[in-house]
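Just so it is clear, A, B, C and D label the chains in written order, and each chain counts residues from 1 on its own.
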Amino acid sequence: MITAERKPLDEIIDYIKPFSRILLVGCNECVTVCAAGGRKEVGLLSSALQMAFMKEGKVLDVKELTLERQCDPEYVEELVPLIDQVDAVVSMACGCGVQEVAKRFKEKPVFPAVNTKFMGASERQGVWAERCQGCGDCVLGMTGGICPVARCSKRLLNGPCGGSSNGKCEINPEVDCAWQLIWDRLKSLGIEKTYEEIVPAKDWRTSRDGGPRKIIREDLA
Amino acid sequence: MKTESVLEKVLAAGHLAVTSECGPPRGAVPEKIREKADILRGYVDAINVTDNQTAVVRMSSFAACLIIKQMGLEPILQMVTRDRNRLAMQSDIIGAYSHGINTMLCLSGDHPCFGDHPMAANVYDLDSIQFIQMVRKMRDEGKFQGGDDILNPPKMFIGAAANPFADPFELRVPRLAKKVKAGADFIQTQCVYNVEKFEKWMEGVRERGLHEKISILAGVTPMKSVGMARYMKNKVPGMDVPDELVKRISGVPKDKQAEEGIKICVETIEHLREVDGVRGFHIMAIEWEQKVPEIVERAGLYPRPKI
Amino acid sequence: MDTFEPVIVAFCCHYCAYTAADMAGTMRYSYPPNVYIIRVPCSGKVDALHIMKAFQKGADGVYVAGCLEGDCHFKTGNIKAAHMVAYLKGLLDEIGIGAERLEMFTMSAGMGERFARIATDFTERIRKLGPNPAKAGSDKTDKVAVG
Amino acid sequence: METYEDKYNNRALVIGGGIGGIKAALDLAEGGKNVVLIDKAPSIGGLMTQLDRTFPTNNCDLCTLSPHLAESGRELHIDLLTLTELVDADSEGGKFKVTLKTSPRFIDLSRCTACGDCFKNFPECVRFTPGLDHRAPTCMRYPQSTPYAYSIDMAKCKDVDALGKVCPANAIIPDDKEKLLELEFGSIILAPGAELVDPRPLEVYGYGVLPNIVTGLEYERILSASGPTLGELIRPSDKKQPKKIAWIQCVGSRSVKEGCVSYCSSACCMYALKEAIVTKERFQNDIETAIFYMDMRTSGKDYELYLQRAKEEYGIRLVRSRPESVEREPGTDNLSITYTITENTLPVRENFDMVILSNGFRISDDLIGLAEKLGVELNEHRFAKTGAFEPVATSKHGIYVCGLFEAPKDIPETMVQASAAACMAMEDLQSEGASKKPEEEFPPERDVSKEEPRIGVFVCDCGYNIAGLINTSEMVDYAGKLPQVAVSEGVGYGCSRESLEHIQQVIQEEKLNRVVIGGCSPRTHETLFQDTIRKAGLNKYLVEIANIRDQDTWVHLDRASEASDKAKDLIRMAVTSVALSHPLKEHVLPMNKDILVVGGGVAGMTAALKLADGGFKVYLVEKSGELGGIARTIRKTLEGEDVQHFMKDLIERTTNHKNIQVLTKSMIVDHTGMPGLFTTGLQVGPRMFYRQIKHGVTILATGALANRPREYLLDEHEAVMTQLDLDGFLEDHKDKVKAWKKVVMIQCVGSRCPENPNCSRICCQSAIKNALRLLDINPEIQIYVLYRDMRTYGFQEDFYREARKRGVLFFRYEPDDSPKVSGRNERVEVIFKDPILNREITVTTDCLALSTGLVADEEDTEDLAMIFHLPRTSDGFFLEDHVKLRPVDLPVPGFFIAGTAHSPKTIRESIAQGQAAAGRAQTLLARDTINLGATVARVDSEKCAACLICVRACPFDVPFINADGYSEIDPAKCHGCGICAAECPAKAIQLMQYEDDQIMAKLDGLFERIA
């Protein structure tokens, strides 16, 4: 899932200072699951912004709407009836959602209310951790199902650096050393030997480095 | 001989090699390099020049190496994959080689979060092993990593680092094997304080006969004080400083602690030279270069062989 | 400012705080009339949204009152409530309303006197803080019934 | 009436419609038994309904009682016969053939609407007989009188036709005849109450001569909102507010004088304190109060604290002296009291505006007749004789007694005995095969989904409780103007049966579809009003109560106008939120009828046996190795009964009962569920293995600890022991005792002190008990009892008198001047002050017996309170649901309490509460299903993002993501805490009855004013 975090209130307020009517759009997918931009967060931010305005003696008119998925134009269409009643749109979706909305309503300023963080999994209630970088050329098959690209601070593909101690990464004892995890996993699978194979330099074209990516399924397109 | 590297020659001749390092200054002050290098003149076979060590910006390793080379000394060009992608690295390598720099150490490098630019993007286009592979390919096949031919390929004597003390320990020998496989010629290890653990590692190395495929220079660093000892123990990732060592230094009065540090360093060398597979020493006297000659002498590694 | 009468919303859990409030009545422990109690089955039922809306609609102070630690009728409701309140205090500071306008209290059903004292003290606290700077004319939200 | 015979074949007769009789009848009814409740008065309620408020809560407890009178189950099982007496009875084979005589009321109950026209036009013809002014505003005994109808005294009526005409309902039956009724009963409960000692013969007090001398009950009437002065405090002579009032205790009690009773009437000390406090509450510094007493007998649960508050908070003056006379202060209506403080001071005269006589209870002569007819033996005080260990069983099998007729007592003990008697009676009826509780049929629910809200607002005045502070008619007008409100009315005591019927009627006539009650706490009254609107064809969940009493008028006594504004706000909040309420469906599960009894002492075993005999499966859990509790160490009772013999039999019956599983060395470790569905985890036996018990009801009888404070050389000098030690010593070392010359006893050791402020209740009687037994063994012994107040309540007073007669010396000491004790070889020297002669006395004694009483087992009760989520009092005893009217029920439904875990009490009292707990339990177990209510979380699958937050947040692991990929919550498993609803990031979960929009609506309602 894509994870995100609400932006500091001041930043959002700066965006919308000039306006008095905004449309606050949530998304019922990832950002709901990671409690950043679902119906509830929309409600909270709405109150927060209105109060911040009141405090300045201004009135902010907020329309709240949470779409099933902000990254699909069909859902974004649901905003059409409201768009003329507002001066600006604030989206609580991930970057994809924000851009879909911005694309649909060229004449309206659209602002992000959350920082899109990473593709992650929830470790427990309220804790999410990065798991994938979308490098476009998955190596998990070689690394025992643990991704060194996303989970090693130096995305080393051939083993841990000298900074690995007690299974933790040198950058921060809170962070697991991905290679410790990989090694343990390889052992439990009894395939330590595969480690001896040198993983050749990675072809980063499949990743962001190859420029914005696109998937086309002719059969569906 | 694969290269013109003095280090390669010293090792080939069966001597215990001695290298040391100096960190380039944080500014355009070539004198600093000269001062440091001069201290080492005659006491070491080659001088490592660090590359933005601990992710702090310094004069480029390449430029500093050049100065040392001009002094008639033997620099070892350190290069990390943190700051450069494969294009930048290869161009620097041929650049350095064009100036007669023929020995290098291939590292991944400390993470930027330790340095003065934590906000910097970290590149890590390659990891150290892929890096070694690339340099070896440039030398032996005369090809860039991308595949094109190189005019007058750089003949680099390829060094790599090994940290016998980092976790997972059991992975440390296989990892060395990988570096050997990738084409490394010599190894400079993390400073050795926990001799026992180091020997254990060497056992593993010998078991796989790696010590015959690659020259291992044990790293040593004299401690200036108990404070430094503690810092090394607790703050430096992958550093293994046994408690009894810290005790030993704290056991002597402040003004004697530096001396005690040197003593330990010398003892360590004397001990390790007996370990089968140890082909030399890499003395990292961090900002304490003036002590290197003393250590070399007291450890009986002086004079250096004339090659 | 001495004429300022704060309006305070107290979300009280049915099993402890609300019962304690009744007990305060039974025992005739008086407290300022500024406190308005809203009954919830468990303090864990109090939604951050309810609290925000209370402030937005004009509350000068809000507190959540649940069972004593370890005594929650629903095991962990009061603990969750405490976490939520702590989080919301941060947001209130961000808005500039001030964390001290929101509080979490715990008490047992028998503590009528404690309920009265808390109501009194909290009212005084808010009275000192003055009116909620973000007092709304009215709530300008309108939720759109789609999606 | 004639239909009786075929309608019932197996039922109980309850004689006396006072609080005790009502409670017994209600318990039987709830237990599915049929009851005939008779009272000779025109309406039931007894003494309590004439009280203004009751201690220690100072509530008008009618509002806690009357809901029960109006409970729906009632009509189904209870036949109420007022103006009715038992004229004849004979019994055979455990059955009673009874003849009842109902005097004519001359009014048709089914027609009378209590409009009051008859009284307006012919006051003299209308019966009314409570204390003081015989013309209260209505001629019914109390506003929500049951039945709600007048009663005519035809003898006094001159023009019957005219009377008949004034009645719009033409309910008058001029030729109404007295009816005789022959009925059969399986059991009889006597709850006839007692009458008050008439102070007239005691001339020294001048009652009946001087107008401003009234009895306690009369004073209650003066204070009562429904009383003759409408709650205004004015003295009879000049209708002025008195500035200085005195109470005189023990009027007609604790005296062998002519016209007095020798026992202690038990309730007077507390009611005098209460009257004084209520007076102070209402007039603060504008009035002076003094109480003249002999001993302050505040030995009930937390009563000692009440006494402290009276002294410290309210500044009520307490004078330890029995006044010699009350006379008119010459030339005024004021009264001067003459009294002496100590032997060697001269009598004092002090003037008061008004004097209240705390007169005690006595048994009226007609009860002797009743007892004869039933063959029930009486004791020397003419109270019903009961077994030493059978506190509510009369000498006649199948006939039980509760309340004042058993012994003088306060309301809580009466309630306990009532439930105990009901429990005993149920057993007799059971043997005849329990009669099934007929299903109550409700009208079909009206579908209101299509209708716009039509809200009815009904505002209670609750007598003084609400109307005393705020103007309820103002509330009514205000509510009437609120949007969507169709009807707004005041309903007096909204919980009274008559008001409930009225509300029901209005709902139907006005086609209301939502209801708001402005009254007391939903905690106590929600079910009652839900029931009412249900009867009116509405779903129960369309009502909302605005708590304008407990959380407004009661807590803002000093700020009437703010309280009034707040009441409006609260009502408005209720209106805006009820508008959004909608019909809900309740979930029902089968009832688990097993019982868990925690604690194997007297109370626990008694309860277990009663239930086991009733055919229920009982798990009796005891933490120690054997059954018996403290009673195992007690040898004799005050009355001289052999406790061990009784215990042996009790333990045998318990261990051998096929329906009882005894688990000793067992500890409760966890607990979940709800009434009818409990699961409790235990660690059992020496190996502490874990097992779970599923049960429907829990009875707590964990007992208390014998206190053993390190004072007065206890456990340091072998001549020093506790009364409990002495009790055993007496039996085992008679020879040693024979050699004793002196014995000193110190009372209140470790009680009534800062560490343990309460009174341990049992110590005074155990001191007397041991003193008398000492004298039996060795008449030569000189016994000194050093006390603070001798609290030998009820008949214990007889033994106290006997002890004095037999030469036991009693010396009062003050806590700040307590006796000094030091060792003298094998003896102990005690130095204390004689307060009367005011000199120091030194006694070297063979034995120093300390009355150390009982304390709560702090650790135990704390753990259990934690596990079961039960509240405790400040001194660690469990806190019952209502100290006055629900002394056996704990606040957590399905939990009952018995014995000393509730508060210190005698074995008899523990047995009674044990039986009561068993009885109360059966009222619950009579049901076959349990209602889980409708407060459950509901998921909107459209909104659900299947994020799992609810799954992780639920404390009971109820939600799960179903095959369709959204969260599902099983209503049968949902506990209704609403945590999931609060945490759901998609706002896809709503907790029924507490939906977000309803809570928001409350906020909207609240802030409309501010807006």
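Points worth noting:
In this section, a contact is a pair of C-beta atoms (placed from the backbone, for glycine too) under 8 Å apart; a residue touches a chain by one contact, two chains touch by 3 or more.
Being a predicted model, the structure only gives us computed values, none of them experimental.
Setting chain A aside while every other chain stays in place, the touching chains sort into these groups: B | C, D. Chain B and chain D have centres, each the mean of its CA atoms, that are 88 Å apart.
Computed centre separation for the pair chain A/chain D is 62 angstrom, with centres defined by C-alpha atoms. Centre-to-centre separation between chain A and chain C, using Cα means, comes to 34 Å. For the pair chain C and chain D, the distance between C-alpha centroids works out to 34 Å.
Residues of chain A found to touch two or more other chains are 28, 40, 43, 66. Multi-chain contact residues, meaning those touching two or more other chains, occur in chain D at positions 953, 987.
Counting partners per residue, chain C has 47-49, 53, 135, 137, 139 as the residues that reach two or more other chains.
The set of touching chain pairs reads A-B, A-C, A-D, C-D, using the touch definition from the header. Contact residues of chain A toward chain D in the complex are 28-29, 32-33, 35, 38-41, 43, 66, 122, 124-125. Within the complex formed with chain A, the residues of chain D that make contact are 943, 945-949, 952-953, 984-988. Residue ranges of chain C in contact with chain A, taken from their complex: 47-49, 52-53, 55-56, 91, 94-97, 133-137, 139-144, 146-147. Residues 153-167, 170-172, 177, 179-180, 183-184, 192, 195-196, 198-201, 204 of chain A are the ones that touch chain B when the two sit in their complex. Partner chain C is touched in their complex by these residues of chain D: 57-59, 281, 521-524, 547, 549-552, 554-559, 562-563, 565-566, 569-570, 573, 866, 869, 871-874, 879, 891, 935, 953, 955-956, 975-979, 981-983, 987, 991, 994, 996, 999-1000, 1002-1004, 1006-1007, 1010-1011.
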